[in-house]
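Next, two complexes with subunit A in common: one pairs it with subunit B, the other with subunit C.
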Partner chain A sequence: MTPAAPLIEGRDLTRQFPMAAGAVTALNHASIRIDPAEYVAITGPSGCGKSTLLHLLGCVDQPSSGSLTFEGRDVARLNETERSRIRLTRIGFVFQRFFLLPMLTAWENVELPQAEAGVSRSERRTRTRELLEYVGLADRIDHRPSQLSGGEMQRVAIARALANRPALLLADEPTGELDEVTGDQIADLFDRVHADGTAIVVVTHNATVAARAGRRLAMNSGRIVAE
Partner chain B sequence: MSAWGLAWRTVISNPARAVLAMTGVAVIGALLFNMLLLSRGMLVSFRDLLDAAGYDIRVAGQGSALHRLPIADATPLADAIRRLPGVQQVALIRTDTAFAFVAGRERDGVSVTFVGTTANAVGSAWDLVRGASLPDTPAADPAPIIVNVTLARALQLEPGSMLRLRIGGAGTALPPVAYRVVGVGTSRFETMDEDAATTTLQGFDAAHGGEGHDEAEMVLVASRPGVSASDNVAAINRLRPGLRSMSNDQVLEQFNEHAFTYFRQISTVLSAMTLAFAFLLVATLLTISVNQRLGEVAALRALGFSRRRIATNLLCESALLVGIGGLAALPLGGALAIWLDRILRHMPGVPERIHFFVFEPRTVALHVALMTATGLLAALYPIWLAARLPIAATLRSEIVS
Partner chain C sequence: MTKFIIAALAAALSVVSAAATDTIPAVLVSRQLAEGARLHVGDIVTIALDAQGHRGKRFRVAGIYEPTPDPMKFTARRIEARMHLPDLIDVAGAPADAESPDAVDAINIRLADPNDTRAFSASVMARAPGIFARSTARAEDGSDPFAVLDRFHFAIAIVTVFGSTAFLLALMVMRAEERRETVGIVRLIGISQRSILLEVLVEGLLIATAGAIFGVLFALATQGAINRFFQWRYDTALVFVRVTTRIALESVALAVPLGIAAGLVGSWTLLRRDVVALVRR
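Moving on, here comes the complex of A and B:
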């Protein structure tokens, strides 16, 4: 029986940042494989390369060396437009600081990526309503981020990340600016997303979130040291 | 949400900054609009003034603008020009300064611009408000005269009043001559606050002691419809070589090359400076806006928004700032032009009907084109900033900060 093709696979990934005092190696020959519908948590001390690895997996950054394929496509061979398209339609991003557009309502923030992807107005309306109900904010659709709590903003951000039905959800410290109770609520939401078939890779210091993942990778000094 | 929709929401998310930016663009745009109006205004107005007089050729004597000899034997010349096949109408113009007063009130008299002309020239140069024009046939003594509103007001003249004119200053030996006022109006060529009076050639000669000098300062010629003024100019030059015959187009060309060129140079320099100010204002505001939203921009790029989409959003923001400000600039600039025009028309020697700022549709089109180009250029650097943003590094630094 042949193993299922990985959703994303990175081999021997290295990322160096040139600095005035000398190059800094944030990621050092790391290899990783994420399968469809898998739930992976990446933990480690600050500065160990977790976010760097996440950015490479999300095609937001490019490795200094090593290879990365997404759904079988060599990311290094893709131009910026193609990588943007992958990020828009196949990957969802959830950030620590939410990064919602402050001048748009919750509804408009969730609808925006769908419009960018060319989804029709009627489909956008249906999908946006569905997503906001999914994250429990059906009664807050006309509220702007300034009128929402931290947890509510993060739920809107998760809805936005799921707008175009991505195969992979990447979350960088999604509970980093939330209290424990709210962080648990977000973790519950991730469970639901995973149960519905979306692969999740979450970088986190939160033990509760990490415990929910099916696989946990520990990083230190730019390397994956334990699994 | 379209790029325009997102741009609008971004612009109005900071209302104070938006209003200040648009007001700044409106003020700068108003100045630009004024400079564009000034760049052609006087020329257009002068052309209208020349054309409205009804004559398309002007014949003057030899000499310079400071000292020009009168045209001798003016009547035979006028008759010869009148006989040219391409000529429809001819008028003689004689000018001098005179002292005008009402009998018994010489102390209240005023200095006037005194013109003698053929009767058919009056209708095209004067707008009468009371009374009638000069009669076609020579009238009996006293000669008829038309006075402008300023003179009529100064000496309380009405049609039927008697007016006395003495040529020259206080030391003149010529006696004053009586005229009957037949009409009151405004001359197209009078300057502000100027006192002016026009009579027949016979009446003009009477003021000069009736010496019968057949001279004229200028001969006005109207070409027949369909006949080129330059052809008639050539024919007149053949009739009497040495005279300065010029069509209205040639007069305008000379005016454009000598007198008007200074206005045009000034307006060009000031137009360039206003555009530079507009560029700097919009570029600075957009750059600050982008720098304040780096995290947002990086997040949008991480979510899959292309560089082109980010650039389009910024272009739309620039277009909104410049577009709304630029539109507001038009009525503001128009009001400013009216005010400045009123001031400039008080310059000595400038006919009252000359305007320095003249509205033409092409000026609006040029204004729109220049403001559009400025808005596009001003967005280039902010677009470059946003499009070249390192996504991962920006997200990282936003979190750290």
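Moving on, here comes the complex of A and C:
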């Protein structure tokens, strides 16, 4: 891959969901390019297709039409195992509802993706400690999600997302369930992650968070309408 | 002592004296009869053909025995007595019938070599038409009543296994549905379907093994109580339930694969679904 090559590029992406009352078009011929280490914010009203676009970029969902390449690979040609591998090693996810595994501690939540990726036990231990210190939770490693605040849970989710040193961090309303101060702390953390060389795509309603991104995209009715 | 069993004594039976004499013939009475009539060793009893004491004869109770358990008559009250053949003829023989002292309905014969059973039976039936000879051992062709019972129990077992498997499958599907979001999260962060299935497989193996072992231990622990209840209910020494090593191993061998399969089917219902749908509220 040349330095000028995009990290991920979607062309003419359309996503329709079949419904009893007729197909719903969530994404309508949208094109997007994310370069390595870029910080992009996507804003728009609810139901405009932001999350759908994020799911496509994260290889979680597949477009009804259009093409998507990730690090030069055509995602449509990948099977579920290969897409899982990309999600595990090259993409990190942060969600509004944190999506931590409730039965695991903060440490175990961060360690899990590394174990799946085949990282050795000693490396996992080192990396997990580093990450939890990075997000400021070194003293909460044995706490389960139910014992953490919303901000702390989101920081664990960020640490988990960074566990396998992904090239791209996708965040869907990461401050949606947090108060303003805690939201700012999470946004600060994203700034640090970006400064460390990870590309970030954040979908948000929060203008403050969006303002920190290097590039801002606005969506409406399944289309990218402004940049 | 030649022993005969009077299956159901319609005779009147009364204790007349505890004083034993050598001239009074001996009789063995079943435990059930001894308990019912409150008899003890050494008691003198009168055994007669009917309740009016017709052709009654006095006997000394020489012992009390436990009748050999017989599944064919476990509901029958074992009111029985064993006496010498001449005494039996005195009590039960028909005086008007000259051949009565020599008449018997059935006799048990113990062969020196049990392997001769078939040849002996054939020989007896060929030599004495009208006499039916059969082995008390179970027929090899599966036509004996217990083989029929076995098949009946096997059919019940199959129905039970199918029913419980359907129940287990429904439980596992519900259990999998409860873990919908968890499966969605792990798939979202890139945990492969193979890893998830492997985890489910190991979990299913442990739970199914633990469940099977618990079932066997529960059966072992309760078989005594079940036997005691039915032995009390039917006043017999018959063993109704016996958990053998073979039964235990067969149960485990059946339960473990079924448990694992149910777990895998339940999880597969989640794994084949869209990741986004799994985590969507």
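Here is the rule we go by: the second predicted complex is superposed on the first by the 224 of 227 C-alpha atoms of A that agree within 3 Å, B and C clash if a C-alpha of one lies under 4 Å from a C-alpha of the other, contacts with A are read in each partner's own complex, and residues count from 1 in each chain.
The rule we apply is simple: a contact is a pair of C-beta atoms (placed from the backbone, for glycine too) under 8 Å apart; a residue touches a chain by one contact, two chains touch by 3 or more.
All figures in this text were calculated on a predicted structure; none of them were measured in a lab.
Superposition of the two structures on subunit A shows subunit C clashing with subunit B. Once the two complexes are laid over each other on the shared chain, residue contacts for A:T89 go to subunit B and to subunit C alike. Contacts of A:Q185 after superposition: neither subunit B nor subunit C is touched. When both complexes are overlaid on chain A, the residue A:T198 reaches neither subunit B nor subunit C. Of the two partners, subunit B and subunit C, it is B that touches more residues of subunit A. Once the two complexes are overlaid on the shared chain, A:L104 sits against subunit B while remaining clear of subunit C. With chain A as the common frame, the single stretch of subunit B that clashes into subunit C is 95-103; none of the other options in 77-85, 95-103 or 131-139 do.
With the contact threshold set out at the top, residues 55, 60-61, 80-81, 84-89, 91, 93, 95, 99, 101-102, 112-113, 116, 160-161 of subunit A are in contact with subunit B in one structure and with subunit C in the other. Interface residues of subunit A facing subunit B in the complex, by the touch rule stated above, are 51-52, 55, 58, 60-61, 80-81, 84-89, 91-93, 95-97, 99, 101-104, 108, 111-113, 115-117, 160-161, 164, 172-173.
Chain contact summary for the complex, subunit A toward subunit C: residues 55, 60-61, 80-81, 84-89, 91, 93, 95, 99-102, 112-113, 116, 160-161.
Residue ranges on subunit C touching subunit A, taken from their complex, read 181-182, 185-195, 274-276, 279. Note for the complex: subunit B touches subunit A at residues 1-2, 6, 9-10, 12-13, 295-296, 298-307, 309, 391-392, 395-396, 398-399.
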